[in-house]
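Here come two complexes built around subunit A, the first alongside subunit B, the second alongside subunit C.
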Partner chain A sequence: MIYPEAITDAATIGARPAIEWQIRGHATTGIEFYPIIQPTWQTALVEKISGYRSLPQNWNSYGSPPPSPVAIQEAIWFVTSMLDEKKPRPRVTPVSGGGIQFEWSFGERQIEIEFLRDGTIEYLLADTKTNDETPGRFDRPSRIDIGRLLSWLIDA
Partner chain B sequence: MAGTVPTIRNFGNAPVIETVLSIQFKPIPGFTIPHFGLYWKVIREEFKHCENKIPIVHMIEDFQRGPTQRSSGIDLELSPERAIRYWFMDHTRNTFIQVQQDRFIFNWQRIEKEDVYPRYKKTREKFLEEWEKFCVFLTSENLPTPEVDQCEVTYVNHLEYTAGWDSYGELSKIVSYWSGKASGDFLPPPEKVNINIRYAIPNDQGRLYVSLQPVIRTRDAIEVLQLNLTARGAPVSSKTEDVFNWLDLGRKWIVQGFTDFTTDEMHREWGLER
Partner chain C sequence: MSNGLPPDIDDTTISDSEWLYIRVFPDKDSLIFDQNLKVFRPTTSALKSREQPLSVDLGSLCTPQETRDRDRSFAFHIAAFTAGTARRYGCRVVRDPIQESQNEPENLAHALVFGNHDSGSGGLIPKSQSRKIAHESRIVLLNENAL
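This part shows the complex of A and B:
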């Protein structure tokens, strides 16, 4: 049993909403962390993204650097803050240039969200039935923004 | 005495990355949202940054039934006043004060590896100074003195894999309770381990919570073993001296609890004073 009371007023380093969600109402600390013993797909993704830190230079044999620390940090923030168990699980891959990409596919529609090396977030909505491609950029997406994209995906 | 700190053995190189001293009181009647701004004006020269946070629930260590969450009395059903919490941070963001209608909290956190843990004595002195300033502010606004019902001390430690151990199969190198031995040879070494323990502080003075869990630290995406120790209980009275006596007790339980919970091997790594 986990005693929620043991998780207290700490708040390590500017806890963001979803991180605070884990410790809602108990967090006196500022520490921002993600527990990785729970059996969820988010946990698996966080561990996977954390593991990109150890990718070597030229990991893809095309001279690419590994994902940058900023891209890794932002991608983990995205998984822990913007996604939850009720949302479809994305496929996550490192991409050349030091970024990380999230992909969702459903029927003829596909969404890609890429965290670039400098932390910039870009997305692409693609519909193979109509050949439409809609690119875009997020300053900082909200859960509502992500909810809209995922609704578009399954709304074909 | 509110001004003196009992001596206990310290660690020269403790893995602590955050300490929290917290005083919880009954919601102060008349402490409304504008008072947060007025209070910030008092401390703003030092605590320049401000962030709004989700309020913390009112927690009481109840020795009849175990720990309980209680309504703070400031929820919407009882009061039109919205429960809020603010962080007021200094320019380094290492140190911040948290205020809500029923709590006053002081945090120190390590942001950069080079940040030096200021030690309890210094943190306590600063907290005492800020608490007294807060009480003076309340008086100046014709608000009542807080009726303190709980005190709380929390230390968060991050144990990195390279510092004396490198897998959960070696957890017995860190945790003195953990034998690491199975009855048979079927199970492999554990992939991850999560430990939660609760201790009663004698004479219903409070409880100590110890929690050990693997986490990804989001600021650098490194997996660490996070060891949290929280002591919580009620002071004898709301007098500043009694409140700080309880905080000293909580800190003693945390430091001595940490020492008991971890191994001699790690104590050497962390420089336990002899």
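This part shows the complex of A and C:
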């Protein structure tokens, strides 16, 4: 199942989760609408990230706070607005200090995008073959920005 | 240092071959399977510590099982890397034994890995040191229920 707050979050930030509506007849009320959640990796990630709300203080056993509400909101926005099923699925984990990290590895290239506790979004492109590292920061990435990053990852 | 931490001077009594153990949050996405070495390693997020030096246990003073069992709130994986790996990427390893108190049980194996000294935080450089150390780390105690 997907948690109700996951849908709320996606709606709140203007994104479009993979939701379709099924119309069913009902004996007393006529017609009712039932949401059908498509089982994509995007919806699974939204559910996973929403679940970080229930992580306790000290979740990592080293004193870290759980991911902040703004980090969770930004990460869900990213999944629903920037990614689609044709793009590679990132590994998503909470990070010490109240953030959330997305990580892609493909061959010798790696991308990290971290949603910090204060909502800042930072990234790192790394190539283990050349030892090149390119750090950066997004104000608000566009689909074109993310498309370029993922193209760099795959087009090695 | 004035922040209650031990001086961040590399402790040369800790050999380069000393294993350092750290708990890793049990999540499918916390691990990567290294196809070449046929072992799991942690993702870089497991070794990120911006504000504080990284807490580890010295392998000469405890087992991975003891590190895991110091906190039973989750069934953690245990990752390991050597002190030599940490030093190769600019970190310093310092003993920080914990004496038993009302708040914490004794942990004589406890040590700290200091990273970016320019920042004054003591934490690792998140986007560089953590990644490089994670790539040379191995999961030595796997929680198979989290796969």
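Here is the rule we use: the second predicted complex is superposed on the first by the 120 of 156 C-alpha atoms of A that agree within 3 Å, B and C clash if a C-alpha of one lies under 4 Å from a C-alpha of the other, contacts with A are read in each partner's own complex, and residues count from 1 in each chain.
Assume contacts are C-beta pairs under 8 Å (C-beta built on N, C-alpha and C of every residue); 3 or more make two chains touch, one makes a residue touch a chain.
None of the values given here were measured: they were computed from a predicted structure.
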{"item": "Touching partner for A:Asn60 - first (subunit B), second (subunit C), both, neither", "value": "second"}
{"item": "Subunit B versus subunit C as contact partner of A:Glu47, first or second or both or neither", "value": "first"}
{"item": "A:Val95 touches, of subunit B and subunit C: first, second, both or neither?", "value": "second"}
{"item": "Touching partner for A:Gly30 - first (subunit B), second (subunit C), both, neither", "value": "first"}
{"item": "Subunit B versus subunit C as contact partner of A:Ile113, first or second or both or neither", "value": "neither"}
{"item": "Partner chain(s) touched by A:Gln73 [first = subunit B, second = subunit C, both, neither]", "value": "first"}
{"item": "Touching partner for A:Ala126 - first (subunit B), second (subunit C), both, neither", "value": "second"}
{"item": "Subunit A to subunit C touching residues, read off their complex", "value": "56, 58-63, 91-97, 101, 103, 105, 110, 112, 114, 122, 124, 126, 128, 133, 135"}
{"item": "Residue ranges of subunit C in contact with subunit A within the complex", "value": "23, 25, 27, 29-30, 32, 43-46, 48-52, 55, 70-71, 73-74, 76, 126-128, 131, 135"}
{"item": "Subunit B to subunit A touching residues, read off their complex", "value": "17-18, 20, 22, 51, 53-57, 59, 67, 69, 87, 93, 96, 98, 103, 105, 107, 109, 111, 152, 154, 156, 192-194, 196, 198, 209-211, 213-223, 226, 228, 230, 232"}
{"item": "Subunit B partner contacts - residues on subunit A that touch it in the complex", "value": "1-3, 5-15, 19-20, 24-37, 46-47, 49-50, 53, 69, 72-73, 76-77, 80"}
